[in-house]
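Each of the two complexes below includes chain A, the first together with chain B, the second together with chain C.
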Partner chain A sequence: MTNNKKRESTLQRIGKYTILRLITLFITVVVGVYLTIIIANMGGYVDELVKGQVQESLTMRLTADESFRNLPKENREALLQRELALEFDRLGLNDPFLVRSMRFLLRAIKLDFGTANHMISASGSNKVRLIIGEQLPPTLLLMGTSNLLLFFIVMLIALYLSRRYGSYSDRFFTSLSPLSSMPSWFYGIFLILVFAALLRILPFGGMLGAPPPERGSWEYVASVLKHMILPVTSLTVSALFASIYSWRTFFLIFSSEDYVDMAKAKGLPSGLIRRRYILRPTLPTIITSFSLMLITMWMGAMVTEKVFQWPGLGTVIVNAVGLYDTAVIVGTTIIYGYLLAITVFLLDFVYALVDPRVKIGAGNRS
Partner chain B sequence: MINNKENANKINKNVLSIKNLYLYFKTHAGNVNAVDNVSFDLKKNEAVVVLGESGCGKSSLVKAILRILPRNTSRYDGKIYLGEDETMCMSEEEYRKKIRWKRMSLVSQAAMTSLNPVLKVGSQVIEPLVIGQKMPKDKALDIAKEMFQNVGVPLDFIGRYAFELSGGMRQRVAIAMALITSPDLVILDEPTSALDVLTQCNIMNLLKRIKKEQDASFILVTHDIATSSELATRVVVMYAGEIIESCDADAFFTRPMHPYSQKLMASVPKLHGKDELEFIEGKPPSLIGLKPGCRFAPRCEKRHGNCSQMPPVTGNGDNFVKCWLYVSSKGE
Partner chain C sequence: MNLFKQFKQYPTAIIGLILIAIIIFIALYAIITIPYEEAVRLWRGNEEDTYRNPQKVPPVWVNLFRKDKFPESFSIYLTDEENKEVVVEDNSEDGLINKTYTYKFDYNYSTYLQEIILYGRNSFQEKQPFIEAFIITPDGRNIRVVNGGMSPKYVFRFSQDSKLKRRVKSDAIKGIFSTPESIKNESPELLKGEYTLVTKVRSFEENTKISVELVAHGRVFGVAGTDHLRRDISIALLWGAPIGLTFGLIAALGISILTMTISATGTWFGGFVDLLIQRITEVNMMLPFLPILIMVGTFYSKSILAILGVTIMLSIFSSSIKTYRATFVQIKQSTYIEAAKVYGASNRRIIFRYMLPKIIPMLIPGLVLSIPSYVFLEASLAVLGLGDPRLPTWGKLINDAHTNGALWNAEYYWILEPALLLIITGFAFAMVGFALDKIFNPRLREQ
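And now, the complex of A and B:
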């Protein structure tokens, strides 16, 4: 009975924690999106460009009309102005910027991104939603693979080094940590130079070989994997050494805790001590460090995708910036914001699972 | 396991016997002689109290006995007999399987930090049974519940985490954990130093009861003379990494021999004491680069010419003292 009650309250606490985290993350995303809208619109200046474009296309359309050309000059001018005002009204360009930005924000949060100004999706549509939708899976594939790879490689090496503190391998890896100051796209260029240009064993970029293999066949999978090697390597390597250094230090700190000595005195096998008494208590710290690192890594990843011509969101956003396509820039940023928020949320949830101390709600320790 | 115990019963000799134990650490400043040629015996159902100031090698002695060595250990040798078995020649794996928590267990100095924060205390307590003795989990939990009852921890604490427990409760859990495999020897490294007086008293009573009921042997390491006198059957005084006196508890608490022990006893507060409390001038020497001669000499009021040389051990068997005062009286 009491046990049931206790479990219920634990569930409640986790529920409360989850909802609170969701709300904070949502607010973060909204603020981020709004800032993007303001920046991408240059504080309203973009609307002037849009107005100019609308005026130009309207004039062109009207002059192509014979009955319009036959009207007297004053009438033509009046008609043009009237049509223009109607068009501006229809597009909502006459409202103050604050109102318009809020309208953008609302649509953006609901993932209604409208149409692109210039860009066209691979299937030929100019709907921003389609452009992003087609490019999202390759990004998820690339980022998911490199993030998971990074997590496990760093964890294994850091755990290994923490047991050999001060050894040759330990000093070797810690002295390499400044290498992480270089962004992933730098490693990308370097790797392309070596493995694609010089050795010619891996492709320069893209996601599929030419001619593209049939979708779903083994050749398709093999081709994607082959094209993934270099981008995944450059993303992973750029974050690898600094993470190894800091995680190794976390492990070292936690392995000098008294309960580790205690576990040894208890006669537990060393593998179990490592898992249960060093890894488990360190995990919350590591997850925090990992989510902070992901944020940095995702920023560099956009340029890295472009370097490898990877058909993902990063390439889209770099292209959109070049073409000044506001709708696409805002749309991609929102998707990035959502992805990052979801990742951080999942990590937070894992954090609450691995650290029982987090579940305690505000202040009622009993 | 059973065989070993029967053997020990038959012989009814020492549970633990330490001969010439050394433990040195390497630091930037030089070698730390934390445990320096220490020998003593512990009989069945005895409780030896290891007394001494902070920084005189008490906790290092515990580490040396339990073979929990820090990374910078530079010298670790001597002989440690547990019953009949010599443990120093065992490999780490053999030692882990045969000795750790089966023959001796530990209640650590820092009860606050000796429990894993992310594991439930119950599952930590049963680990030696489940992992060391391959016992099924529910059976081990039953034994753990019995132990919790024994040491006075409410049974539903078994599913809690360490941070949900008070200091006294954590210490009790640590004691339950040390007793769960009913080892021959329980080493308590300052088990009450972080607790308030009432909890200290409770824990000492608990230990006394356990000693009576389970006929375990104890090594109690402490600098708290008053509380330790409750449990002690024998006292060992450590100074600067050495044992300078070993004596029956009754004799020691009334008539300590070594000048250091006398000073130590005089510094214990007494109720309604008329005199001012005594103290020992100076600090214990650094364990790095010790000078030859008696290590207490610089602080000793009774020092004389001989003290610049290392004093020999005088006395018989378990009662001995390492001081020139007792050498000269015998010699002349």
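And now, the complex of A and C:
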């Protein structure tokens, strides 16, 4: 009975912690998005954007009207200007900046980024939300795969090295850590050079072979997997060695704690010591460091996508820059803000699951 | 001095220092030999700067590793009478020019030249001067290349002349430099030996000045090769060093110092200030750094100074504020700070004279380690198409090469040269940084 009650309260604590983090993160994101809007609008670009759209739709509507077309030229111009002024007023474009930016913030939170000037989604829509939504899955696929791979590879190697501190393999891996000073796209270029250009065994870039296989078929999956190998490898490798170095150090620090020596003295099996006395207390620290690393990795993934022509968010924003499509640029930036927040939140949730301080409700994080 | 002694224990650190010295040497060499304005002008790729350069060819030294040598580029002023390589036959009369220039050159390469061009400059009032050129091949064929009037800015490209093409029954350069029997074959046989270019120039007015320059575009060029706009890649390789280093150094230094100061101030005053700084840090960590840089680059300015400024501003409130804070909290409770409070030291004095110096050993390794990440940031932005349009940098080279399909077309030199310099820079600072980290934070070393 007591045991059951205890578990319940643990769940409650985790739930409370998670909801608290969710709320703080949400506030953080909203402030972040607001800052993004202010940066974007410093030169009045978002306003110009909205005004342009209004003008375009109004002109379209008026020219479709027969009676308007029959008016003399001066009258037509005057009417257009008057209607435009009314429309700007109605949409509140003449309001003070604070009010306007708040309105845009509200739209951004509802993921309503307006329409693109030039870019069109594969389904033929010019809604920024759809353009971004279409390119989101490839990015998530790429990032998710690399993150999982990275986490488990680093965990395995770091644990292995921490047990063999000072051995040849330990020194080998720690001496490789300067390799992480190079970003993932840089590795990408070398991987393309070796595997695509010289050996011709893997594709140069893109996500699907030509002609694209039918969606949902096995060939489709195989084609995507084949195209994923190089970008995933470059994302993983660039973060690998520095992470191994720092996680190994965390393990070493935690395995020199007194309670580990105590457990050894008690004669507990080494597997149990590793799992319960070293891995468990190190995990929260590791997750915090992993979360920080992922934030950097998101940014690295943008350039990597560009190098590999991977049809993800990074490619969207690069194309938008090329076409000067302001709505898409601002929209993608905000989406990246959300993605960062979601990543951090997910890891926070895992943190709550593994951190005994959250479980027993004692102490505070930070 | 003790530091240097400890430093010597790390051979990688010594290598790192040597590499940093090499990069700094390249940077200084670039600044001294090619002034900034000159570099920017050359990188614009104007015709008058690049007309002697072939397009997209590797550096000259690749011939050292090849059995079949690539032809080198060369150019010569045929009308420069002081040049001993050109034999002049002067039949001028009454101030009217009538000269024949004979220039012999050896051709012992295994591939064809990219292009041969005659550039003519002259001043005439009413009647155009006349130019006629022949090439005599080693097997004694005498091929008429061109005859006709010379415009004031005369350019004759061998490969683009349809008459010449008809005369040699093939692509002009191939036709001239192959044996006539093999010209119809799929891969014609290249004829090695001594070629002679005979150029006749006549003017029909007094006081007409004529100059003719022969430019041959080979398959190799200079120490670094050329890009798609015929620009000499070595300019960007050289100038990438000072630009990258300055960007990395200023960003790393500015960010470290500002972060440290803000963190110390927050910890010292505590309460509301500390809370505010922590909240700003949390928001800032959620800001998508690169997309915001892209936004700034697209909407406002691609100038490297603007990007540098935004980079610093967005990176001040980073996660290291929290790391520093943890240390500052300890420092704040130490007795010497207590003593300083007792004798009435000002807040500023305590922060800058007593708290900040304590954290410098922790700061320096991080600073050195972060320099390459900002050098690479500059390159990353260039790869995203947001490099400063005027500046020749390593990232711009990689971007140009990648977007022009250098990997696909096997023009590896184009991408590998800047990449190698980036690797050297990255490794050098990383090696020194890791050694410094072990020296300043021995806790990690002992573990």
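Quick note on the criterion: the second predicted complex is superposed on the first by the 288 of 366 C-alpha atoms of A that agree within 3 Å, B and C clash if a C-alpha of one lies under 4 Å from a C-alpha of the other, contacts with A are read in each partner's own complex, and residues count from 1 in each chain.
In this section, a residue touches a chain if its C-beta (ideal position, glycine included) is under 8 Å from a C-beta of that chain, and two chains touch if they have at least 3 such contacts.
Small disclaimer: the values here were computed from a predicted structure and weren't measured.
Trainee: Clash or fit: chain B and chain C on chain A?
Mentor: The answer is fit.
Trainee: Quick one: classify A:D355 as touching chain B (first), chain C (second), both or neither.
Mentor: first
Trainee: Report for A:K110: first if it touches chain B alone, second if chain C alone, otherwise both or neither.
Mentor: neither
Trainee: In the superposed arrangement, which partner chain does A:D258 touch: chain B (first), chain C (second), both, or neither?
Mentor: The answer is first: A:D258 touches chain B but not chain C.
Trainee: By the touch definition at the top of the document, which applies to A:Y165: first (chain B), second (chain C), both, or neither?
Mentor: both
Trainee: Touching A:V330, do we find chain B (first), chain C (second), both, or neither?
Mentor: After superposing on A, A:V330 lies in contact with chain C but is clear of chain B.
Trainee: May I ask you to decide whether A:I192 touches chain B, chain C, both, or neither, giving the answer as first, second, both or neither?
Mentor: In the superposed model, A:I192 contacts chain C only, not chain B.
Trainee: Using the touch definition from the top, say if A:V307 reaches chain B (first), chain C (second), both or neither.
Mentor: second
Trainee: After superposition on the shared chain, which partner residues are touched by A:Y277: those of chain B (first), chain C (second), both, or neither?
Mentor: Touch status of A:Y277: first partner only.
Trainee: Based on the superposed arrangement, let me know which partner A:L268 touches: chain B (first), chain C (second), both, or neither?
Mentor: In the superposition, A:L268 touches chain B alone.
Trainee: Is chain A touched at more residues by chain B or by chain C?
Mentor: Answer, by number of touched residues of chain A: C.
Trainee: Put simply, what angle do chain B and chain C open at chain A, by C-alpha centres, to the nearest 10°?
Mentor: Rounded to the nearest ten degrees, it is 100.
Trainee: Pick out the closest CA atoms of chain B and chain C after fitting on chain A and give their distance in Å.
Mentor: 11
Trainee: Would you tell me the residues on chain A in contact with chain B in one complex that are also in contact with chain C in the other?
Mentor: 165.
Trainee: Which positions of chain A touch chain B when the two form their complex?
Mentor: Touching chain B: residues 2-3, 165, 257-259, 261-269, 272, 276-277, 280-281, 283-284, 354-357, 365 of chain A.
Trainee: Residues of chain C touching chain A in their complex?
Mentor: Chain C residues touching chain A: 12, 282-283, 285-292, 294-300, 319, 322, 369, 372-373, 376, 379-380, 383-386, 398, 402, 407-408, 410, 412, 415-416, 419, 422-423, 426-427, 429-431, 434, 444, 447.
Trainee: Please name which positions on chain B make contact with chain A in the complex.
Mentor: Touching chain A: residues 66, 68, 71, 96-97, 99-102, 105-106, 108-110, 113-119, 127-128, 131-132, 156, 161, 163-164, 177 of chain B.
Trainee: Which residues of chain A touch chain C in their complex?
Mentor: By the definition above, chain A touches chain C via 24-25, 28-29, 31-32, 35-36, 39-40, 42-43, 45, 165, 175, 177-178, 180-183, 185-186, 189-190, 192-193, 196-197, 204, 249, 252-253, 256, 292, 295, 298-300, 302-303, 306-307, 317-318, 321-322, 324, 326, 329-330, 332-333, 336-337, 339-341, 344, 366.
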